[in-house]
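Right, one structure below, let's go through it.
Chain naming follows the written order as A, B, C and D, and within any one chain the residues start at number 1.
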Amino acid sequence: MGLTDLLFFALSAVAIVSGWRVFATDSMVRASFLLLLSFVAVGLIIVMLAAPYIGVATVFMMAVEMMVMALFMVMFMMNPAGLNPMMMVHQHRFSIAAGVLAFAGLTAAILFTSFPENSVDPSTPVVHDLGIELLGPSMLIFETAGVTLLATMIGSVILSSRSGRFGMADQGSKPPGLEPDGEPAGRQPEQGGGHHHH
Amino acid sequence: MTTFLAALLLILFLSVGFAGAAVADRAIPAFLAGQTAPSWRLSLADAVRLLQTQRIRTEAPDALLWWLAPALYLALAIVGLAVIPFGQDLVAIPSEVGIVVWGSCEALTIVAVFMFGWSANAPLALIGAYRYVAIGLPAMLLSMFVLIGAALPAESLGFIEIVEAQRTVWNVVRQPAGLILFLMLGLAISLRGPFDYASPEDLAGGVTADVSGPGLLAWKIARLTMLVSVSAVTATAFLGGYLGPILPGFVWLLLKTAVVLLVLIWAGSVFARMPPARMMSVIWTMLLPLSFLMLLVVGVELLLWG
Amino acid sequence: MTLATVLIVAAALIGIGLYGALSQQSFVMLMMGLELMLNGGLLAVIGLWANTMGGAPEGQLLAIIIMAVMAVDMAIGFALVTAVYRKRQADVTESLTTMKH
Amino acid sequence: MAVSALKRWAGKAPASVFVAIGEGMRERVERLFADPRIERAATPRHAAIFLIAGPMRLEDREDLRRLHDQMPHPRATLLWAAEVGEALGDAEKLNFTLQPADTSRADEAALDRLTRIWAELSDGERPSEPDLLHDEPPNPWQGIGPHGQGGKGMMGGTPYGRPMAMTADDLRDGLALDPYTARFGPFLPMFPPGLLLEMTLQGDVIQSAKVLRPPLPQAARDDASAALLRLARLLDLLGLPVLGHRARLAAAGDRPSSTLETLGRAIRWSGSTLAIRPGLGAVEGQGDLRTRFDDLLAVTGGSSAETRPELPESAHLSSLLPGLEWSEAMLVLNSFDDETLSALAVVKEDEDKDGHDHEGSGYMHHEHHGHGGHQGDGGHDHHAGHGGGA
């Protein structure tokens, strides 16, 4: 077992263990940082797999994403510091079974498939090739991703802003009635759905 | 062999840069305040004082993250410096995506600062941490656009190619506003002056408000190291890095880094800090479009004359 | 570091992510599960690209698309959480039994 | 050998002093810190010497004791013309009985004493002061739960004495997240000394503010020196400690007009005026923060401070601060002269009828779950040992 293998197994262990701890820790902020750790480990594995740009970009992007995630955790969760034990799960057994099953099924598929052997030549200028591909033959796909991101930005601003379609979101934002001063159109929400624990 | 030599040079660069930064960090503010320059011993004496001070624990801190944050900050500063070439083939971590590596270091620095403020479990520290994230993320974003502008003429994301592409003309000539934007990022990432939203006076030290003794010392060391790193990156991306006549490249880089470092410390002492909400709107509505514009200008220039 | 080991690590990440996405009540934790699954997917794509495609750049392009998907997923996810929270003060899945209002 | 060498090194550092300012001492203390031998620490955590300057109210003594215990070892206390009874144990006292004209000699004596205390402390000649308060957990052990919070599960009990936060409206855009209510003051370095506020924050935006204790009265002087010190405070808050220091030097010594001119130019070049949002902290008759800042700046140009008309009756901190974010609020708080501030920070009794009772029993409670105390983080430190440290 060479140094590369050793490093790979160590990083894999970090990725998997921290990925599991995400759902087992009491502190929400720690959970997002554990997920970040998992991403960093995967990013480094990707760098080892001869795709330096993708690997480092994963680390870069995920650092930002998980930072935002941590902020949202503190905002929306009670007990973000994990001072009390934290276990908010439903259909627990089913989920565990599904997770294990997914892993077992995928592993079986991996072990029983014969993949073609055609490794990357270490001398290939992969980053250069990627750049040419992105701005050459696959420009349309790349641009589509860009437009999608723009739409996402607009969409998330609209969704999260206070002013809803029919008035302030937190003041009901009820649609106007079908006749003047009538009942608001559409189905009425049942009571509940409220926020019990905050 | 060259990697080994580069690693040695990295250590040398770090120690020289750090010592210089520690002295300049006291001398320049003292000079600007119209006082006599303090002795270089003062920084050391202060460090020794902190080392001998008790490390206080707050109530129910996230002890692990509190320890890790300064270490992470320091490690990021060192990794960021390690992708900088000291000569044509002298890089401690040769990477063809050096800019992206540096970008990751910037992003993770924000995480480290947040960790530090969060884990103390104290209100002022947490407010400082939150605020820093709000300012740090967009500042980092625009620094990446500026860096892409520096990478365009090189047609590469690696720092060596970026330096080599500056043999004809330094990037600072191509995008002077880019240099200024990047210096702002430098202030933000090394937590000083007008961009120090993490540990300002109005929060009684913000993220450091509850840290005493060795913990505070570690944080200060990491902060100064990051200052050295970001100065070196600025010198490499905009001022031609190791390029220069007669003297060896390493010395040139060191000199240019020193200049940037002095400018950063000076700027950190003479410009006012806006309240965060105002700074936020300035970044998003003025500086970010400016960075797009710089990118566009460089692109057009390369299309026409490149 | 053979292809099979890389893919098994990816499968493990997908399995854990699936467990998280199915079991967590809180929206934010649920999204962490989704992110973890995408993480595994990313690793699998790059593993396959590196070992079976001989460095054809389209494989990396797919990875970039996955990263874009991650970003979209996060942004829209958080925007939805905020919208729902504004409306109902709710941050767990059980409080959303109806989609209207 | 090595240890003693280290100790000698530490003694060369400037003495780091955290100061609690009492009645009438603010300007003197601020001028004192123009001296390079001492350094003003932003929090007791960074300090080695606790300087208590001037007479204190009875109700502030408990806070002083708590602040004292927040300092890391080695630590020492100096009572400078302070009357605090036995609250601080047998701390070193320095009293001055000099004539007002002789203040500079009294200040020199205080400086000497501070540097000597630091020299002794760093040498190890002077033992570090022990805690004044008992090391008690904020929430008594109730037998259930990992932290003795008296409950099980996610919502059970009050871990560390803090009940789970409840949501409340936000002034900004109505996203009702968890507010944070705590007491801030009375010796927070960026607060006027003595002012104790109970504030509710959403993020760093102040939702409500209530004055619990007014600021301690200061010597009401309306000259250039006072204006320069006020300017220095604002400059510190704007992230310009260098210029703040220059303003303090100018306030402490004699002021040749050329020094003031260069200072004024440096302040204008720093973009301070631009940094302040127009209309921020506007009070009828007093202008907004920008005009008040410009007035102070005009003092460096040689003109005397303008007299402002009387405050309107309704003006009060409890209506001025809500809606501002923390750093804006700090700027606003520090932009008034002492007299105006006292008028703005009158304790209103009508809001809280059972006020005094609340003050007694409720206080400790708040202290704990809000960790609000004096330092903003106060209150919990004397429980440090409970957590396992120190």
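Observations
Going forward, a residue touches a chain if its C-beta (ideal position, glycine included) is under 8 Å from a C-beta of that chain, and two chains touch if they have at least 3 such contacts.
All values reported here derive from a predicted model rather than from experimental measurement.
The chains in contact with chain C and with chain D alike are A.
Central chain assignment: B. Criterion: smallest distance from chain C-alpha mean to the mean of all protein C-alpha atoms. The centroid of the Cα atoms in chain A and the matching centroid in chain C are 4 Å apart.
Separating the CA-averaged centres of chain A and chain B is a span of 29 Å.
Between chain A and chain D the centroid-to-centroid distance comes to 43 Å (mean Cα coordinates, whole Å). Taking each chain's centre as the average of its CA atoms, chain B and chain C sit 32 Å apart. Shown for chain B are the residues in touch with two or more other chains, namely 60, 130. Residue positions 82, 85-86, 89 of chain C each touch two or more of the other chains. Touching two or more other chains at once are residues 53, 57, 68, 76, 83, 88, 162, 169-170, 195, 198 of chain A. Pairs of chains meeting the touch criterion are A-B, A-C, A-D, B-D, C-D.
Chain A makes touch with chain C in their complex at residues 4-5, 8, 12, 15-16, 19-20, 22-23, 28, 31-32, 35, 38-39, 42, 45-46, 48-51, 53-55, 57-58, 61, 65, 68-69, 72-73, 76-77, 88-92, 94-96, 98-100, 102-103, 106-107, 110-111, 115-121, 124, 126, 129-130, 132-134, 138, 141-142, 145, 148-149, 152-153, 155-160, 162, 169-170, 173-174, 186-190, 192-195, 198. For chain D in complex with chain B, the touching residues are 6-7, 9-14, 16, 36, 42-43, 45-46, 48, 70, 72-74, 122, 138, 147, 159-160, 180, 182, 188-190, 201, 203-204, 236-243, 245-246, 249, 266, 269-272, 274-277, 325-328, 330-331, 371-372, 375-377, 380-381, 383-384, 386-390. Across the interface of their complex, chain B is touched by residues 27, 29-30, 33, 36, 52-53, 56-57, 59-60, 63-64, 66-68, 70-71, 74, 81, 83, 127-128 of chain A.
Those residues of chain C that touch chain D in the complex are listed here as 82, 85-86, 89. By the touch criterion given at the top, residues 1, 3-20, 22-29, 31-33, 35-36, 39, 42-43, 46-55, 57-58, 60-61, 63-65, 67-68, 70-72, 74-76, 78-83, 85-98, 100-101 of chain C touch chain A in their complex.
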